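I have placed the structure first, in the form of structure tokens, so that the comments after it can refer back to it.
Note that the chains are named A, B, C and D in the order they appear, and that numbering of residues resets to 1 at the start of each chain.
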Amino acid sequence: MERIDNFKTIVDKYNIIFFDAFGVLKNYHGLVPDIERTFEYLKEQNKEYYIVTNDASRSPVQLASSYHKMGLHAITPDRIISSGMLTKEYLYLKVYDGIVAYLGTEDSAHYIESLGLHPMPVSEVNASNIDNVNALLFLDDEGFDWARDLNIAVNLLRKRTIPAIVANTDDTYPATISDVSIAIGGLANMIESIVGKSFIRFGKPDSQMFMFAYDLIREYRPISKKEIVMVGDTLHTDILGGNKFGFDTVLVLSGNTLPQDVNTRINSTGIVPTYICDTAVVKNDI
Amino acid sequence: MERIDNFKTIVDKYNIIFFDAFGVLKNYHGLVPDIERTFEYLKEQNKEYYIVTNDASRSPVQLASSYHKMGLHAITPDRIISSGMLTKEYLYLKVYDGIVAYLGTEDSAHYIESLGLHPMPVSEVNASNIDNVNALLFLDDEGFDWARDLNIAVNLLRKRTIPAIVANTDDTYPATISDVSIAIGGLANMIESIVGKSFIRFGKPDSQMFMFAYDLIREYRPISKKEIVMVGDTLHTDILGGNKFGFDTVLVLSGNTLPQDVNTRINSTGIVPTYICDTAVVKNDI
Amino acid sequence: MERIDNFKTIVDKYNIIFFDAFGVLKNYHGLVPDIERTFEYLKEQNKEYYIVTNDASRSPVQLASSYHKMGLHAITPDRIISSGMLTKEYLYLKVYDGIVAYLGTEDSAHYIESLGLHPMPVSEVNASNIDNVNALLFLDDEGFDWARDLNIAVNLLRKRTIPAIVANTDDTYPATISDVSIAIGGLANMIESIVGKSFIRFGKPDSQMFMFAYDLIREYRPISKKEIVMVGDTLHTDILGGNKFGFDTVLVLSGNTLPQDVNTRINSTGIVPTYICDTAVVKNDI
Amino acid sequence: MERIDNFKTIVDKYNIIFFDAFGVLKNYHGLVPDIERTFEYLKEQNKEYYIVTNDASRSPVQLASSYHKMGLHAITPDRIISSGMLTKEYLYLKVYDGIVAYLGTEDSAHYIESLGLHPMPVSEVNASNIDNVNALLFLDDEGFDWARDLNIAVNLLRKRTIPAIVANTDDTYPATISDVSIAIGGLANMIESIVGKSFIRFGKPDSQMFMFAYDLIREYRPISKKEIVMVGDTLHTDILGGNKFGFDTVLVLSGNTLPQDVNTRINSTGIVPTYICDTAVVKNDI
């Protein structure tokens, strides 16, 4: 574990950089100040980069567009790898027809129809269509009535033996500087425990997330895991997952892990990043 | 483990009978058919009985009144021991002043004010009063907006180091013949796991529930645990708790445990009742 | 939560004091220095006291004798309430005949025969006697071959639907100033998770432990929970259990909870003692 | 979910077949009777196959040799993908120098030295070398003294913030027709829970296991996940993992999942194989 003063050192050392989104590139205020300098330097140095995010609430096109609105134009849809993309691949490979019920917004369910499947908010599942429901997706904590629809989801899984897929493994996400919100991953954990069945989860720290990103690159050029570094603000997702997959890892202190807690947290969890750096911002040499 | 044909055998054998409520005396339709015969026989034989229930949604007076409305007059408030009563005792002994925030209906919070404490629905907790909140109660799954108020509860527990008390340990309760609803115990488990703190739970199978009932009787006459039998429909609460406390136990098959599943469930959980009986109804001799 | 300088304040305030043993009265070196002064003062002030311990490895007579050898004569067998005593009561009330298999030393199983049951080390369970085994006890981490006997225990519980009782809920215990040892409670957790059955646990923080102690006193005089204080070094057992039962609680910093960690631990667990005091030693007034 | 009478149907339908080892190809008696016919047919039809096994106790060369001794010569070392190989890759990528402590046999640790690292049984870790220990591996349940060495492992992880890698995710393995043994995965779960740190696990159902196999094939020819089927006897590892990775799956009833339990297990776990087939044996057409 090495302390790094300037994120430039990291860019200079690796050919490919994977960034977590929230807590690394942006936070509740908007972009992390001066983060655009990092992308300028990446371009200058001809380095590759990807955003690897547990965000299944929107499509890569929508996610990229939100960066553009904040003034960061370097992040294009093809640079974004989300847990939603793994959910989509799962449906493509494993669910052949029928209704796919979901908890989330309409935006989060945007791709279901394009796979020839019938998306249906959980609220519309009833006795007349339940036998045609072939999967249940946990996509987003918004877009539905928790009390009504979490109960429908529980009863759907008690009556139908179908896969339940969680497209975001986070328990909570930061809502304001002082508050968090329960994420769809937290709600899914409750329902999995209640119904006693095994859910399928996509998202860091699970390896499949990193493999999906790694594969995208290997399609056009050979790479080794040693060329890649994962940059994140959360020990249990970004760093644990990156380490397990075999990547070097950088913990930044601009999000979930606060500077005053970093040593305690590393010791108590046993999750050790290769580097620690205050932010992912490249500072100009003086 | 012994199969019993007529619940009369149980009444003849023990001096005091503890009944679970839901699945034993009543279900979604109303009373279990002919259950009043059991209470007539108990009276005839001069046997004592108590209802020991994980129900914190209403006071003993309100619970008794609901039996009266269904036509069962033998159940008076002094016969009812609920997890809500343990929560009340906890507040009396351990919380001296200030606000007690709660998730549940106004009915479920009825006793807080009588203890000299200030009850407040979680929805009303805000920056101006949060420092006066000295406990958080999980009372009922109804009476609040899940999405809004579960998030407020998470942030309250992140900001304040206060006891969180769960007045009902059940994950779900039966809502109709085919559907269950998520109970406040299930919601509390999710929040405990998210905030990583240790909650205090009252309700079967916890011993404190049985001790509270046992103590009520000992106040007016000496008894031994061997005189008491616990009757319930759920292995994990009624039977496990009763066994652990040292009571003999009767599993009835009129609720959560179905006749066709009973052997599998006992073997897979390792929770063995002293007796199994179809229902808690005393059949007339022929 | 109040900081107390001299444990004398506590003795002056309560009529009955419950002490945890390890980390409060003794540690790996022997007695906590000057702890005998506390017992002199208790006697002077005519206060009652009990040792409430998750120690099922020896009988109260043997435990008391170990204090006498260290020079503390105030602790007599009738002052000691151990999780082993609850296990004994369980066997008395719920297991009527046959073999009681156990993991532990011969000392830890000393009382089984006096109940008219046949104690048998797990190592002696085999095809010829397995059908007569009516309970499995987890008593001590010593006295058996872990690799051989933990495997026998797993297979015993797969073949026989019998109660499994854990007489010590601790995961580990301090072995030297720098090292811990895995306790029988930790081994039992592993086996419970492997066989998927529900074990019965006796020991703090479970209420039954406190009730057993509370009842001993009530047999000879009426008391209220408000007269009793629980003194311990561990938030998750002594303090959580004492709080839940309705006692006031004192966290001492001479054992599991170190002075430099106390605030972090209280905030991260949400378990709040009524008082914090460096040790349970009564200091002389100056 | 489709019932298949003859495993030949599966071979005819897919280009590449992944087999679990224990319960599919072999059991405690030796080879599954007639399983060699399956490999003859695979060869005849020019189909590819791999053994994907949570077995880190021996090298692929040793594992292949054990099949040869039983008379199955079709399984060569290059056909075997074990969780031990992932552990080796992790050490290669992430541990640069120093001592790698391990729990297991010398055989299970065979590859550590070839990576330029210093393998050391946990029993030899002591105050003089502990600061040079840079990883702890859980490899096999044999080859060490459980009571002594599990305690050393706990204290090693309390003192050093190093990665703990579990090379086999199974809790137990079948030891005889009626008995199981606790596997190193079960022991590792206990220690992870005791020390409260996050371990790294390699083995089914984790995706990284399937990816490693998938990648081996892609190195010499392009494939799609649709061409591959995973054959296993265990819902929670082979089938859950295969499904999640996007493969079709076959549950065989010659191992962990018994014919009389299969429907109950699928419904209670929610893990649904694409096909169910009695065994992986190709039956001759009549």
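Keep this in mind: contacts are C-beta pairs under 8 Å (C-beta built on N, C-alpha and C of every residue); 3 or more make two chains touch, one makes a residue touch a chain.
By chain, with names taken from UniProt: A, B, C, D = HAD family hydrolase.
None of the values given here were measured: they were computed from a predicted structure.
Asker: What shortest step count links chain B (HAD family hydrolase) and chain C (HAD family hydrolase) in the network of chain contacts?
Answerer: Each step joins two touching chains, and the minimum needed here is 1.
Asker: Going by average Cα coordinates, which chain is farthest removed from chain B (HAD family hydrolase)?
Answerer: Chain centre farthest from chain B (HAD family hydrolase)'s centre: D.
Asker: Taking the mean of the C-alpha atoms as each chain's centre, how many Å separate chain A (HAD family hydrolase) from chain C (HAD family hydrolase)?
Answerer: The separation of the two C-alpha centroids amounts to 45 Å.
Asker: Counting in whole Å, what is the centre-to-centre distance of chain A (HAD family hydrolase) and chain B (HAD family hydrolase), each centre being its mean C-alpha position?
Answerer: Chain centres of chain A (HAD family hydrolase) and chain B (HAD family hydrolase), defined by C-alpha means, are spaced 40 Å apart.
Asker: Using mean CA coordinates as chain centres, what's the gap between chain A (HAD family hydrolase) and chain D (HAD family hydrolase) in Å?
Answerer: The mean C-alpha positions of chain A (HAD family hydrolase) and chain D (HAD family hydrolase) differ by 28 Å.
Asker: Mind pulling the chain C (HAD family hydrolase) residues that touch 2 or more other chains?
Answerer: none
Asker: Answer with line, ring, star, complete or other to describe the graph linking chains that touch.
Answerer: ring
Asker: Every pair of chains that touch: which are they?
Answerer: A-B, A-D, B-C, C-D
Asker: Which residues of chain D (HAD family hydrolase) touch chain C (HAD family hydrolase) in their complex?
Answerer: Listed in rising order, the residues are 141, 145-147, 150-151, 154-155, 158-159, 171-172, 175, 178-182, 186-187, 189-190, 193-194.
Asker: Per the contact definition, I'd like the list of chain B (HAD family hydrolase) residues that touch chain C (HAD family hydrolase) in the complex.
Answerer: Against chain C (HAD family hydrolase), the touching part of chain B (HAD family hydrolase) is residues 89-90, 93-94, 157, 161-164, 195-200, 206-208, 211, 225-226, 236, 240, 243-247, 266-272.
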